[in-house]
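Chains here go by letter, A, B, C and D, matching the order in which they are written, and residues are numbered from 1 within each.
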């Protein structure tokens, strides 16, 4: 028996660890460092209908135990991803979760329809929470009705299960979660970044050219854990948790809070081998906790 | 001329630095370490109508560059504050900002009415954003209409200017800010803590007995700066900024983002002398920036 | 109370994960009783953010030197264990109210009961009691023989019984298992250790005059933040006490446990 | 590219805030050209979080040793400056594509123009060009005489002109003020420094074959995060390049500045 295996809609994962969207490109760079087949899955960079150059630089700024980014969904566009990136990833025995972004429902639908047909794309991750694009993105993620509509529209065309990625920048994340579940979402991924800002000490102006950026890294973990804890108690669909995962203990925390699998974002920049390291250490942690299979700790923070 | 003086409704501050509510008690403890008269002001611990014991312990937990707390507004109640705490503080030449909390409008009104008559209370800070009490508190801070009603009710009875303390746990903080301004608030204080959680590594259960707690410290500074930047551009009333201030440069950041004065919370626990240290270092910083008076940098992040 | 930049004089490993560190600085001059603690900032960075409360295990005012003994478990104490002689550290203290040596008269007997990292403050206490002419009996509980420390130091100050949970040294079980075996009369008891142990000790010695040192997670360490409160028993006038500034030592019966 | 735990061999202050550090490790064996950089994790904690990109200033593959020169300005580089010989550090590299030594033939002349902390990678470049028989002229710009470093080292490799903004050493003004004075013919130029300098250099030597090394704030350092992109000029087929993996060195004219 594989002690780390996780079964989710569309996804048979060898282990619950996957790089988070936007922090791993389309795998090529990290593929030079280790064999991508060891990963549970890969969440690829957001794909939009057209090629996007993204925001002006500077696009990143460091903060206390965190970082801000405002990449602006730079990507080669649906065509490029279908013709180059996804076929390249086929050499690995790893399910791909395609992060789908857009500015209006029609783009999302078109990207979802096409990308879900790629043989290695086993699930979609609907990005309704990107804080770094002017229109679209986060507005779908902060209004339960819009989130419902978009999810339903994408579900109608996708040939693979659809996970919806939630924004933490809301008064009540449970409402959004329930709305996307009602619309037919197969799972939830959470959280995307918190909107933040850093100023240049000399000029007093924002460092990020886009003014605001998305805060990620260990700093946001307490907020992410709280939200997974809340949402996992009001929805039936599984959650892939993320936000500040930087070491194996953090994975245990996310699973305990109610996530079924965990994505690693910013930590890849700090330690490019973090995913393989965590995968290696997980069985040791299970031994320490006296647990046979990783699923046993899912939701133990609120289980009776 | 005093290069650090700041004039705000009801408050003539020697300098823009004041301890944040809940992080300085009623001054007695820090008063053993330095002369409280050097401070710009003091925001005292939340006062409720009745004595409150607060939440069970553990009430604090450390997180990456931050901490969670769920004190639960423990305080000696209006009577105790009026009879013991405020008179004790009269020995110092420092304006007091009284943090007013409650569970329903009537309590807020009663506390505000009485406490605003204390001779050294120069302003109220309406706490509509405490995440750690079951009812009241934060619910007033997440709904613009409720925030409006409560502010108007308190304004009607207070004999001193009223500042309203905003919660960051909302989809759009600008709306709440505009609502309290419309209700007659004289100023805004922001931000209170983000709701977060930490689990025990062995049991997987929440460390904080109250389950969730409020996240404060350097980790939340990027969110606070972003929110002050946003709010200061949509309201005319002044802002007292806070969230992660730990060194003099952080004060410059908050002023640049649009705050007129700055409160220091968690950092008092890390360095009990942080307020006097910042007050001493500020003129040196102004020299470095080539600025004569501190007011010149207020809002420079978005000034043309 | 003062904030001092103290200098690390020495660091040595005593047993599994347990370290003894000696520190020098003016702060030592302000210590008034055994059982007070210091609040240590282990790094100048903001991660880990909070100070760590650690008891003063021994002090020498002439030399301006004090000893702390701690378990390197989490992030903060691990960083502490990496300090070397000569390093400087930001220490706030002495904090709180320690064990009252005055409550036992010369010629009387005191029982000192410690568990794990609750053992250290009893060392200075025993030294002071001994100096005063009090006879001390020590009962020290640990997980296993690998965790035991300062057995010899305590033995020099009085009879010393060890209990280990796994039975690898001394009595198998808890300190209370040893307590039951002691038949001598004593005037007072003093105890420091985890909450369940304090509870058991207080119950076993109910009716006796005793003093217990408590632990709570702390924020400020000086009484301002209300992080470290404990409810008091019904027969006490205040509804709560703060471990950091009212304690950490309370007379048995004061804190509701 | 590899992640190596390199050992600090030496650390020394060169001038105001500027430090030279020597590091040893297997990573050195993979360096292929001057102008490549390493991505350094200055602490094992998560604060500061991100790695810092620093150019390789010199390397010796036989000794597995490399030199970096950096300015201790912000939080990360200040921590770097506190390392002592014997300390270990997590270093990712070598990263990126450096200066093409092959673009200048033996017997030809190259002009190397550096500004501030852009000077270090030119040192290894000059060593390699010299070894090949290329004549090197160095133009190095600094804020003031206190900031000048490696003047002697460069002088040993060729004519070396210094410009300082405040005129306290060499020519008063910018590197471009020196460039105007050089009348000799040269085959290529190589430059590293702040963006305004690179812009001025490219404009002054327009039409000449040149190579510029760029800086951008980075996330991953290996091409995955799209933090460090630059727009390209209209005459290039790709709309953007990544400084970390396509650069940091680009032929003049490629990047839109």
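Here, contacts are C-beta pairs under 8 Å (C-beta built on N, C-alpha and C of every residue); 3 or more make two chains touch, one makes a residue touch a chain.
Not measured: the values here are computed from a predicted model.
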item	value
Maximum centroid distance from chain A, chain identifier (CA atoms)	C
Gap in Å, rounded to a whole number, between the CA centres of chain C and chain B	36
Centre-to-centre distance between chain C and chain A (centres being mean Cα positions), rounded to whole Å	46
Between chain C and chain D, centroid-to-centroid distance (C-alpha), Å	55
Chain D, residues touching no fewer than two other chains	46-47
Residues of chain B touching at least two other chains	64-66, 217-218
Graph class of chain-chain contacts, one of line, ring, star, complete, other	complete
For the chain A and chain D complex, residues of the former touching the latter	22-25, 28-30, 32-33, 45, 51, 53-54, 57-62, 64-67, 69, 71, 74, 207, 217-218, 246, 266, 268-273
Residues of chain D defined as touching chain A within the complex	1, 3, 41, 46-51, 90, 92, 216-231, 239-240, 245
Complex interface listing, chain A residues touching chain B	63-66, 68, 142, 169-172, 194-199, 201-206, 211-212, 215, 217-223, 225-226, 229, 244, 249, 252-253, 256-257, 289, 297, 300-301
Complex contact set, residues of chain D against chain C	43, 45-47
Complex interface listing, chain B residues touching chain D	64-65
